[in-house]
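Each of the two complexes below includes subunit A, the first together with subunit B, the second together with subunit C.
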Partner chain A sequence: MSRPSGVFKESYLADMGFIQKRFHLVGLLLLFAFLSTLPLYAGDFYTSLFMLIFTFSVAIMGLNLLTAAGLFSVSTAALMGVGAFTASFLSQPPLSLPFFIVIPLSGIATMAVASVFALPALRIKGYYMLFLTTATQFTIEWILNYITKNVPGSVVYIAPMSILGHEFGMIEKYYVFLAIATIMGYLIAHIGRTPLGKAIVMIGEKDYAAHIFGVSPLKYKAIAFAIYGLYAGVGGAMWGYQIGLATPEHFGFMLSWEMLGVGVIVGGVGSYVWGSCLGTVVMIAISQGITIMVSRLSVMMPWLGPTAFGLRAILYGVIIAGILIAEPHGLASLLRKVKRFFDLFPFSY
Partner chain B sequence: MSGLPILEVKDVSLRFGGVVALRSVSLSVNKGEILAIVGPNGSGKTSLLNCICGFYKPQSGRIFFKGVDITRMPIHKRMEMGLGRTLQTPYVFPGTVYENIMVGYVVRNGGIFRNLTYGAVEEARRRAEELIDFVELEPYRDAIATELPMGLRKRVELARVLMWDPEVIMLDEPASGLSLDERRDMARFILELNEVWGKTIILIEHEMNMVKDLAHRIIVMDSGRKIAEGLFKEITRDARVLAAYLGE
Partner chain C sequence: MVEASSILNAVIIGLASGTIYGVMALSFVLLYRIARVVNIAVGDMVLLGAYLILFFAELHLVPNPVLNILVAALLASLLSVALALFTERALFKPLYGQPVLTLIMMTVALGLLLRGATIIGWGTTLRVFPNQNEIWPLHPLEIGPVKLPYVYVWSITGALLIFGAFLYIFRKTIFGIAMRAVSLDPEVAAAHGITISKMYIYSWIIAYVAAVLSGLILGAINGINIIISDLGLSRALPAALIGGIDSPSGALLGGLILGLIEHTLGTYLNIYLPGIRDVIPYLVLLVVLIIKPYGLFGTVRIERV
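So, the complex of A and B:
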């Protein structure tokens, strides 16, 4: 085997580790140093903003993997709704389960729901999926509305996070969220490097050709859907714990589109962890930024009235198009360029 | 050299609407041999492999592999049983050469949870590295497979198929589009697979020198029919073969 000199690994597994060079480790440590001290100096607003980023990053990781399998879905928000509603059911009396059981169970329940809705999707792919998952989105929304039809505002509540009667404050919750995002990120990165992870990517191109090499498209599409459901469900439960309540309105169609268009495509399909995180940051930054801008605009120009909200979608589209023109394979490829630069540093020729 | 039949095709016919791709084709492949299938363009060679691997469903006829009727079996089950094939136009997905090869591990190790263990990752890795050495792709290990030239993609496919250690390997024009040097390399791999690894090989090839050097036995096809079968020197004397190649 020809290898760059000075790179010595005792096992294949170490060679395949996520941390190949010292500077990868340095980068990762810096990021963790930043994230783990954030609530100590940032105010409530930024702490909760980052919790939101962790939540959506998790859901988008699963969607990113599904997209890599060639399956486009615009029902992620609805599946998060399933996760949040499950968390409500499990965390409230009579069950009153603790959060560290509620969150994984919500993921598993959502995985089951996603698998049922995946059945018709297993035989189609690409943009046909958009029509099918649109139907899924609205069907689930309808079901959630039906469940809460006698509740004013269709609201369900999620019990506060607590251990042994001690109720968590914002900062404690922040660390729980950081831990969940880290675990889920590690897991999906691991899945990505296993043969199973490669099989998922292989069916994403030409599924019939993959089949000739023994990779059953049906089987690996189903697996991709299950993983997708799990991640959406965990994300939904996190959402529930952060806000304390959930209504079907939180999990609308537009959010599903934003998660696919910005969270995954702007982030970079196939980059399950870093692409999803970058995509989520952009998604949340844009939506926060635009919300503020639009509300200012409608104060300055009251005659805009409700049309100001139309601006939101337009601005969104313009920003996304701009990013994708500059970086067609998403922001993750920008990250790869930075990584490459440092890999070769100081001999960057 | 050759042993008992490992693969048998019996009276297989295949039609696409009005086009008849295979007309009642029968053949048997002996364990340990290199069987070449030759014939003019459109004579049905690829269609025959597609029927054997399960990509096409023949309208009539039966196919037996290791004594089992596989005519109705899904493709991936046939691969699990020990078949493997490469494509005339190689299929690689956007990922490194290494990833494109190690994915073949799932064929015979399909257990979902088993596949997610560190042990599976390491085993797949070890096997893929051996095969990368075998097909001499070390310098391209981390190259993006979709950016490679045809000759190297064909090696990627071959290594991928070897990941699940099939007993019968079907190669659809492994040397087409290759340079002379690359063709020699490919011929060397095929010979080693057969003689050292003991693989049974079905070889579709237009390159007659390669067929002459490698094949133990040759089948000639024309317009969906098997028109001749035998040793190289036998089929080159066959009047029907000459007619098919020189035109009626």
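So, the complex of A and C:
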């Protein structure tokens, strides 16, 4: 981390603080002022867009932690699906639990599922994880498909958010989502500075070196996986509450890739909160932008007809390829350069 | 009660369809071994291959249907050479030396491009090769108690030819030795006068041709549809990993094992759990990763501090 000359940390407490620069404090206050007043002046579209951003931010925070542990995962979408399906099961009539119990419980259920599928992960590392989690993704997708086949309409519904019989509208739901995202963000930021978080990062750097230092790779990989499952499950439950229904098609393989490739890599691995939020914003912006572009283009080119969603794939491919060729380390390195420039402003070093 | 002859039949068909999985896995393995690219787009390459062969077959260049499909496969392979050149030069050349994950992301982008192109070019309806029933007669080839559909006869022959040619080149010719040298140690190979970037192009060409030709068999078995893309990935990836990600002959063995399990255990379980046949390769992969993380013939990475 680059610091301008003359900034000193005089105690460990100051070094570990979340807010280290005045820029951070001001930025945080402004951001909260913006987010907490957003539904008052923004329309339904932007409110729901921000709810989507909160949802995916939560899931991507867990994925970011897992990536920091050196384990790449492309089964996030499937685990979100598990969260959404659990939420549906818990919130529907036989149990009809309220949302503030459903969301943590779906997180814990997904944590259990993730831990089961993490067992093979304890022996392998690096990109082998991608193969393992590809297998996990498709296996879970099949299980979800199997469940929905026995449900009328092949769709599971999630009961609307309500408390004491009062059903929540869009704006109330927005604040609930904001609160959940804030709590989850605070928790993961805190994990990042505890011995647990340091151990996870150490595993990610060099697991055999960590082993020599008395940090068991097996244990901390399992813990990282459990945290990842928890966050994905909470994200999935939020997703379910926002949309109101879920099918396995919503949680496809490509979504998992988007979350890893754009959500984590663009945001920057190891930056659990801000990186994840930034990555999510970029991810949602790209996918919404492409949706808008495709709808415009298919109006201009009516001969495309139903094949217009092929255009979506092509646009996505071009954007990813363009980013990779222009800035192979992801947009995060570009951002780091910009940040460094402003940190050290009048001088270049 | 399951009859002995039907079990034998399932085993033979499993092994026969395993050969084509082996060819797809070869495409995956070769690209990893030479260019260190983990190719997630292998299913989309197979998909594109099926549609390219369909395109050339529908031109009816030769009146005889069997010759026609062979000519179409040849033309599609030639076109895929051009595609391989484009892929390597335009997409992957700027990225060599970057972390593995960057290269994998690029293959994801490549897969999206190929899939989008096929959707726009040919739509999403199920297609079959022209005169399919004349090329592969409906009544199967009967060898004693075994009934083998003709598609699988093609699959076995084609896979044997491809693997034979490939292993001959890889083991016996100077060109193959150069490729192996690059896969072993690129810097030393470069110091001995091997042009590495050329080897990368050749590995892309072989990978593309293998994937495109397996599109012919997969398209004939399942019909030509976007589903081939997922099907190809779900067979190539586990097959390659069962055999070991850097072992070409392991790819064939992995394919055979996968085909065998799919057509015996998969078909049996499918009665009780519909649809499990599609995920059985992944379940096998999960088990293999627990028992032997680097596959049957893969190089075990040993790390010492």
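Operating definition for what follows: the second predicted complex is superposed on the first by the 285 of 349 C-alpha atoms of A that agree within 3 Å, B and C clash if a C-alpha of one lies under 4 Å from a C-alpha of the other, contacts with A are read in each partner's own complex, and residues count from 1 in each chain.
Note that in this section contacts are C-beta pairs under 8 Å (C-beta built on N, C-alpha and C of every residue); 3 or more make two chains touch, one makes a residue touch a chain.
Only a predicted model underlies this, so the values are computations on that prediction, with no experimental measurement involved.
**Student:** Regarding the shared-chain residue A:Thr136, is it in contact with subunit B (first), subunit C (second), both, or neither?
**Tutor:** second
**Student:** Between subunit B and subunit C, whom does A:Ala199 touch in the aligned arrangement: first, second, both, or neither?
**Tutor:** first
**Student:** For A:Ser216, decide between first (touching subunit B), second (touching subunit C), both and neither.
**Tutor:** After superposition on chain A, A:Ser216 lies in contact with subunit B alone.
**Student:** Between subunit B and subunit C, whom does A:Ile191 touch in the aligned arrangement: first, second, both, or neither?
**Tutor:** first
**Student:** After the superposition on A, what does A:Pro328 contact: first (subunit B), second (subunit C), both or neither?
**Tutor:** Second partner only.
**Student:** On the superposed three-chain arrangement, identify whether subunit B or subunit C touches more subunit A residues.
**Tutor:** C
**Student:** Per the definitions at the top, what is the overlap between the subunit A residues touching subunit B and those touching subunit C?
**Tutor:** 208-209, 212
**Student:** Over in the complex, which subunit A residues touch subunit B? Could you list them?
**Tutor:** Answer in residue numbers: 1-2, 11-13, 16, 190-191, 193-196, 198-199, 201-202, 204-206, 208-216, 219, 223, 270.
**Student:** Which residues of subunit A touch subunit C in their complex?
**Tutor:** Within the complex, subunit A touches subunit C at residues 72, 117, 119-120, 123-124, 126-128, 130-132, 134-136, 138-139, 142, 145-146, 149, 208-209, 212, 254, 257, 261, 265, 304, 306-307, 309-318, 320-321, 324-325, 328-329.
**Student:** In the complex formed with subunit A, which residues of subunit B make contact?
**Tutor:** 53, 55, 74-76, 79-80, 84-85, 87, 91, 93-95, 99-100, 102-107, 109-110, 112, 115-116, 118, 120-122, 124-126, 129, 133, 138-139, 157, 160-161, 164
**Student:** What residues on subunit C touch subunit A, complex-wise?
**Tutor:** For subunit C paired with subunit A, touching residues are 38, 40, 91, 94-95, 98, 100-102, 104-106, 108-113, 115-120, 123-124, 233-234, 237-238, 241, 273-276, 278-279, 282-283, 285-286, 289-290, 293, 303-305.
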